[in-house]
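Okay, so chain A shows up in both of these, paired with chain B first and chain C after.
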Partner chain A sequence: MTKATVTAPEGGSTIGIERIFDVAKSKLFKAMSDPKLIEEWWTGPGYNITVEEFTPEEGGKWRYVQRSDDGQEFVFYGVVHEFGPDRVVQTFEFSGLPERGHVILEKMELTELEGNKTKLHVTQAFFSNDERDGMLASGMEDGMNQTYAKLEEVAKNL
Partner chain B sequence: MTKATVTAPEGGSTIGIERIFDVAKSKLFKAMSDPKLIEEWWTGPGYNITVEEFTPEEGGKWRYVQRSDDGQEFVFYGVVHEFGPDRVVQTFEFSGLPERGHVILEKMELTELEGNKTKLHVTQAFFSNDERDGMLASGMEDGMNQTYAKLEEVAKNL
Partner chain C sequence: MVERNAYLDDLFGSLADPIRRDILRRLIDAHYTISQIAEEYDISFAAVAKHLNVLQKAKLIVKQRRGKEQIVSISPAALKDASHYLQQYEALWNTRFDALERIAKEQ
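What follows is the complex of A and B.
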């Protein structure tokens, strides 16, 4: 499985993620913009998600509910600052934390490469080094690589 | 003039700002929530701002146009992730930068103190150390202290 490159500056509060997708940018962007397609690829072992709300435009909101086979339910949600085929900027919060306020700002940049490939570069900004390191310690990397593999597959089939 | 305490971890990408306001929390929050009042205090030498849009709720947008006496015009804008009397979380972008995408996530926390005072703690998260240091080098601190003094005055008069 293709793995994304994850960088996290020592003592800092950002994460950089980069992955080359073997699919044209227009297809990758479509897979990232269509609620039905998001439900197909935002998945992993033992859970699935429902896109309850998703407005891909400035001021839009997004709200994905994740249900696990063991009955657990979590919500991922945020608002959209910018939404375009070259760059998406949005906030991100997770209902599973002890309290609200641990919000992340996420920027996704798409660049078309030769040979029908696309580079996705994600930058995440956290409010503190602790919050950033908490995300890294959550095992997000394994889940992310599986999710990106599924995203690539869904985009290729468009 | 009361000065805010500004902290910026070495090599990091966040800024922390803290200031005690000599006014009750309900008044301070009102001054931060009312477009007409925002126009009164978000000002400085040689410029004023117009609140063109401001929806204080999740998914809301805000857009302030700053016009200087010398004819320059800049826009500050973003979207609202959370808006309440204890905590406001919103994005922030400035039209004066060479390109879009340098977005900041800002969290403002209000805490009532004894003696009709209120602590405002602001946390700003940037996408990189360079962007964070660019903000610090912009002279934001002087302008901020003047703006906070004016905010305190406007809130006290409510």
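What follows is the complex of A and C.
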């Protein structure tokens, strides 16, 4: 089975995520462009995702609400800069952080490969190495909220 | 869910400082005495020793006495933890992308 690989260059402020999909590019792009389908593949163990807003065009907005089984609610949201079959560029924010301003710029590149396969490469650019590593340490799960808050509190006292 | 505990607090606190991250980078492939590390920075010996104490408290480094000197080396557990976080993030995207592939195939 193909696995996603995550790379985080030491000292850098980006994360790269790459995965080869055993499906044609047009189908993969459709699954990434349809709100109902996005809800399906973003939903994971212990939580549901509801797509409350999704305008896949330049200047459009996206907003996904995550409701955990334990009643917690978080929102992932951003603004779309480009939404095409070869490339999606958008900002990414997370409501669980103690303050605004921690915006990630995300680029998703789709490349058609031989044999009906598609490579998806995601680049996430953070403002700093600290912000990136904080996000990695959180695993992007429910703990991100508290972890980030604590990380900042600790960093301020250095 | 990331577990909240004092160990993680120390770990994040330690990694939030650029000098401490730099010290850790140096220690990845070599051992140094405290004096050798102190020579590398334009801060006082006491300040370097303080950074080392923070790293030690977070269990990122270990100190071993050898004669009059203390040898500082990176703790194997610390390296394992850092790669563990990357693996967790990878696991999240694996789950998501496995579902994406399944759904895309149905289109």
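Convention: the second predicted complex is superposed on the first by the 137 of 158 C-alpha atoms of A that agree within 3 Å, B and C clash if a C-alpha of one lies under 4 Å from a C-alpha of the other, contacts with A are read in each partner's own complex, and residues count from 1 in each chain.
We take it that contacts are C-beta pairs under 8 Å (C-beta built on N, C-alpha and C of every residue); 3 or more make two chains touch, one makes a residue touch a chain.
Since this is a predicted model, take the numbers as computed values, not measurements.
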{"item": "Which superposed partner A:Glu93 touches (first chain B, second chain C, both, neither)", "value": "first"}
{"item": "First, second, both or neither for A:Val65, with chain B first and chain C second", "value": "neither"}
{"item": "Touch count on chain A, higher of chain B and chain C", "value": "C"}
{"item": "Touched partner set for A:Pro45, first chain B, second chain C, both or neither", "value": "second"}
{"item": "Partner chain in contact with A:Ile17 - chain B first, chain C second, else both or neither", "value": "second"}
{"item": "First (chain B), second (chain C), both or neither touched by A:Val75", "value": "neither"}
{"item": "Which superposed partner A:Ala31 touches (first chain B, second chain C, both, neither)", "value": "second"}
{"item": "Touching partner for A:Pro9 - first (chain B), second (chain C), both, neither", "value": "first"}
{"item": "First, second, both or neither for A:Leu136, with chain B first and chain C second", "value": "second"}
{"item": "Common interface residues of chain A - those touching chain B in one complex and chain C in the other", "value": "10-11"}
{"item": "Residue ranges of chain B in contact with chain A within the complex", "value": "9-14, 58-61, 78-82, 87, 89, 91, 93, 100-101, 103-105, 107, 109, 123, 125-129"}
{"item": "Complex contact set, residues of chain A against chain C", "value": "1-6, 8, 10-11, 15, 17, 19, 21-23, 27-28, 30-32, 37, 40-45, 120, 130, 133-134, 136-144, 146-147, 150-151, 154-155, 158"}
{"item": "Chain C to chain A touching residues, read off their complex", "value": "1-4, 8-9, 11-13, 15-17, 21, 25, 85-86, 88-90, 92-101, 103-105, 107"}
